[in-house]
Each structure stands twice: as structure tokens, then as C-alpha cells.
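Since the structure comes first, as C-alpha cells, the remarks are kept for the end.
First chain written, first letter: the chains are A, B, C, D, E and F, and each begins at residue 1.
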């Protein structure tokens, strides 16, 4: 696959996950680094998220869990909570994933993750 | 619910997830700390894993993702790869979850997680 | 012990540690997730903080040290600095615990932890 | 204070904490890097551990908590469990500190920390 | 070397790296903890940054990489991006170091690091 | 660029950095996951390490620093210490990078990193 085909492929997946938020997230990454935006679209979405073997919902569950446990990536956690809700997770399912992280990464990780989730839920209810 | 009912409840969930490996994992935790074993059974399995709202398969996907991303809990990652396979994940699904962590926690986390997965797959094929 | 006895037990310990701040901290967790608030009260305070074998002061020293070293839980670090001061640590003792983390988690962890401590000390002096 | 006075000062504190294990730990650091060994003795023990304001027991409680929560420094956790026991912590107190970390850093951190503690207790009982 | 000679030595190195920002950074650390400020100047700059064997530019590349990967020390990352630019790194070199961290610590670490870099670049262009 | 051109490009860079160790490292990744091996070669080496703006020596300094600070990726740290030495770092330069991490990630990270370096130096001296 050529690089531009990978970009198109990744962009389609990005739009499928983020819908109307896609433009905002892409503009935000473009502002930070156009090269990094390309790698995210081509590699993260074109190569990895297009792989068969897991549903998009399962991929977002995995990502929300990991970002909650790591605790160092709140803006990205917020984006992926949007993504999870966009590809079919209910709010309750997102809450369950984050709450479960109390077991593996401790209560502060779960509390901070749930706070991010509440903010996303509120933003989407407007 | 009384404390012993929580323990029974948690133990049943633990057995549902770990099957024949349950005895080995419980004995290993008992050896380390009987109190911690109780908290794991009562709280982690009796309270949290018994919650509705996510399938056991989704719960194990979340846990395998988080432990891979954290990179500090290889014995627990191995146990939860067993758990994921026991509750219905295919080997390919486990590989996909771990591989995706390259995006969020870096290639070393994914490589070390996949090495743990290969070892578990090998152990189960004997 | 029944679940409501564990809650009462944990709530009493929570009030013993946080005094007049308890209401604020509980309301903040309630807002994020009523279930998580219950687990924190029942498990973290009812089960773990009620254990014999360490004084509350020693438990808060351990927690302030850990949260400083982790660096991913500033709101919880602030709460436990309040807790440490409430159960008998002096401001100097809190500073010593955090400063020592420079050795084990690096200077940035200690600097960020001490900044949180200064803010808590200031808030309490009003 | 001159650099050699700091070294002497730190060495005395190191011997106070590690007793007969001191020679082994110093030789192990010397083998890895003589410069780093000097910094550990001068800065970590001569400057920081000689500070007033916390007892050695409280300093070791803080360190055992932090290293358990971080999960990336098992050899150092083992050394500081020895240190904690040498300066007056009981085995039960060490266990309580590590077990409490389940709340702040998750169950795997506590389980792996308690496993290290069991190994140290066994080594000392020989 | 006496303690005051170490301080002078470290202060000279600190000024060499931070130039006109030095006063601001020292005042900020003084406010948080005068003792910690001393340790940073004496140990981090007087002892470690004065060591031969690496250029200051290489030392800042190493630090910017580490702080980006850790993701828990944004104020210190910002300070060291200033430092890197002050000792001869171009903005492009700083961007390359941070972007490369996507491979080892994941995309969120690189994105958050690049956002900090953009803010520093903007501040310096005023 | 087509996907196979990216692979060829990345493989050439991989061979430039790892020389005679390249075959061993590629075989080890192939065994863990052929797909991940492809992503490492194409993305990490073909896309990122081929970027202009930093020398290979500076890229390896950044990577050794980050992996030392993270403390969760010892096999990868060992590989990149080999890489650093292969592209022109002296053993002393590698030691300086790792030792400096004591400031940002704590003494245990530096000690464990230096232990890995000693093992690599020994292996190469045979």
C-alpha cells in the first residue's frame, strides 16, 4: 500500500470512530505537529485500528482501560471516551471499564478516569 | 451481603474465570499473604468482577490492555491472559489487544506483553 | 461483617482522618461515582485503614510517599497531605517525606509534591 | 561540609541502617558504578537520610511504600525491606505498608511487593 | 570540595544552561523548598551536570527524552526544553527528540510533549 | 513510498544501527509477532529513525535515557545500549546518560540501568 493510500485508509477509520469530533482532533494534532498527525492517522488508524480480529468497541475498551491505568494522558483518555461512546459503548460500559482499573492501577487512577468520563458525558449532553 | 457471602460470591467468579488454574493462583496468593488473597477474592472478584454492565470477555480485554501498558506486573499479565482465553477470547484477540498497546504505551510494552502471551500460549498447548 | 457494617466502620475511619474535610471529599467522590465512593469507604477505609499493625500517622506517611513517587495523582496527594496533618504529622514531617522521594522517584516528583504541600499548607492557614 | 566529611557522614548512616548487609550493598553498587555509589552514600545517606524531622523507621516506611507503588525497582525494594527491619519495623509493619499500596497502586503492585517481602523474611530466618 | 564550593559550581552551571530564566526557576524552587533548591543546585548541577563525558546539549537531549517518556513532570519538561534551546539545540532537534518518544512511550507521551514544546517556542518568540 | 519500500528503508537503518546483532534482534521479534516486527522495521526505523534533524548518536542517547527512566523495558534498554555503542557512543557516554537519570527518575532507575550497561559491556568484550 502506498503512503497516501495508508493515509486515506487511516482517515476513513478516524472519521468512523470520531465522527463530527474528527475535525477538531485532527486540527489539534496538526497544530502540535503535522508529522505526528500523519503518523497517528497512517500508523495508529490506517495500520493498527484497521486490523481484523477485534471490534472497534473492543479496541476502545482496551484503550480506555490502558489510558486510565497509565494516568499520564488525560486529554487522550477524554478523546478515547468519546471514541468508545461513538462506536457503541454505553456510558455505563465506559464507567465499568474505568472503575475496574481501581483493581490494577489503584483508586486514584479510577477516580481521575471517572472524573474525565463525567466531563465527557456532560459535554455530550449539551 | 455478609463478608463470607462476598467471599463465596468472589470465589465462584474466580473459578468461572480461572477454571483448573484457580487452585494454583489462590495457593500462590495464600503463600504471599492470606489477607491479600481474601481482598482479591472478596473485592476484586466478589464486588467488581460480579458487577453487571460488561461481559467477562470485555473485562479481561480491559485488564490485559492495562497490565500490558503498565509494564510492571508480568505475573499478573500472564494470569489474565489465561483468564481472557478461559472466558472466550481467542489467541488472536489477545494478540490484537496487546499489539494495540504499542500506540499508547510504546513498542517495548507491546513486545514484552506479546512475549508473555507466547509463553502462555505455549504452556496451554502442552 | 455485613456490607453496611463495613460502610459504617469505614465512614468512622474516614471521619477520623479527614475531620471537617470529610464531607467535601465524600461529596466529590459521590459526584464522580457513587459506587466508587462506596468501595473507597468500605474497602480502603473499612477494611484496610482499620487494620491493626500501623498507626494512622504511619499509614499516611506511606500514602504521601507513594502518591508523590507515582506523580499521577495530584488531587489524591493533596487529600492525603490533609489527612497526614489531621492524624498528627507536622508540616515539617510531610515535607521530609516528600523531599525524600527525590532519591527514589527523581527531583521532579519531589518538586511537584512539595508544590502540592505548599498549597495545602496555605489553604489550611486561612 | 567537605565532600569527604559528607561521605563519612553518609557511610555512618548507611551502616546504621544496613548493618552487616552494608558491605554487600556497597560492593554491589561499586561494581555497577563507583561514582553512583559515592552519590548514593554522600547525597542519599549523608545529606537526605541524616536530615532531622523523621525517624529512620518513618523514612523506611516511606521508601518501602514508594518502591512498592512504583513497581520498577524490585532489588531496591528488597534492600529497603532489610533496612526497615533493621531500624525497628516488625515484619507485620512491613507487610501492612506494602498491603496498603493495593489501594493506591493496585493489587499487582501489592502482590509483587509482598512476594519480595516474603523472600527477604525467609532469607533473614536462615 | 566544600559544600559552598559545590553550590557555586552548580550555580555557575545552572546560569550557563538557563541564562536569564535562571532567576525565575531558582525563585520558583526557593518558594517550594529552600533545601530542595540547594540539592538541585549542588547535586543536580554542581555534581552531575558538571561531569565530563557528555556535552550539555547531549545532557539536555537525554533529559527532554526522559521527561517526555515519563509524562509526570510537565513543568520540568518545559524548563528543560528552554535549557535544550539555550545550550544549542534547534527547535527542530527538540521536536525530533520528543517525537521519537512515540516509539518508546506511546503517542500520548509524544503529543503531550510536543504541546509543551509549542508553548515554550511561542513564549520565546514574544 | 510503498509499504515494501518503507520496509527496505527501515531494514537498512536497522542494519546500520545494529550491525551483526540485527539478525538476532529481528529473529527475536519475529518469534514474538511477525506483524509487530514489521511495524518496528517500517515505522520505528523506516519512518522515525530515518528522519533528518538528529544524528543516530543523538537518537540513541534519547532512547537510552527514556528507557532507563521508564524502568519497564530492560530487554529493550540492553538492545539500545548496543545500538548506542554501535553508532559512535563510547561506554563512558552511555554511563553518563544513564547516571544522569538518577536526577529525573531516581537512584533505583539509574542503578538498574547501569547494571544493564555493565552486562552489555561485558558481553561485547568477549
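The rule is simple: a residue touches a chain if its C-beta (ideal position, glycine included) is under 8 Å from a C-beta of that chain, and two chains touch if they have at least 3 such contacts.
Quick caveat, the model's predicted, so the values are computed rather than measured.
In terms of the stated touch criterion, the partners common to chain D and chain E are A, B, C, F, listed by label. Graph distance from chain B to chain F, where chains that touch are one step apart, equals 1. Here D-F and C-D were compared by C-beta pairs in contact; the pair with more is C-D. For D-E, the matching interface among the pairs B-C, B-F or A-B, defined by over half of the contact pairs being the same residue numbers, is B-C. Centroid analysis (C-alpha atoms only) places D farthest from chain A. Each chain gets a centre from the mean of its Cα atoms; for chain A and chain D, those two points are 40 Å apart.
Computed from the mean C-alpha positions, the centre of chain A lies at a distance of 29 Å from the centre of chain F. One simple way to say how far apart two chains are is to compare their mean CA positions; for chain A and chain E this gives 31 Å.
Computed centre separation for the pair chain E/chain F is 23 angstrom, with centres defined by C-alpha atoms. Counting partners per residue, chain D has 35, 39, 43-44, 48, 51, 67, 69-70, 72-73, 76, 95, 99, 101-109 as the residues that reach two or more other chains.
By the touch criterion given at the top, residues 29, 31-33, 35-36, 39-40, 44, 67, 70, 72-73, 75-76 of chain B touch chain D in their complex. By the touch rule above, chain F contacts chain A in their complex via residues 1-3, 6, 35, 39, 43, 47-48, 51.
Remark: chain A residues 69, 101-109 touch chain D in the complex.
Considering their complex, residues 43-44, 48-49, 51, 53-54, 58-59, 61-70, 73, 76, 90, 92-93, 95-97, 99-105 of chain C touch chain D. Chain contact summary for the complex, chain E toward chain A: residues 70-72, 95, 99, 102, 106-112, 114-115, 118.
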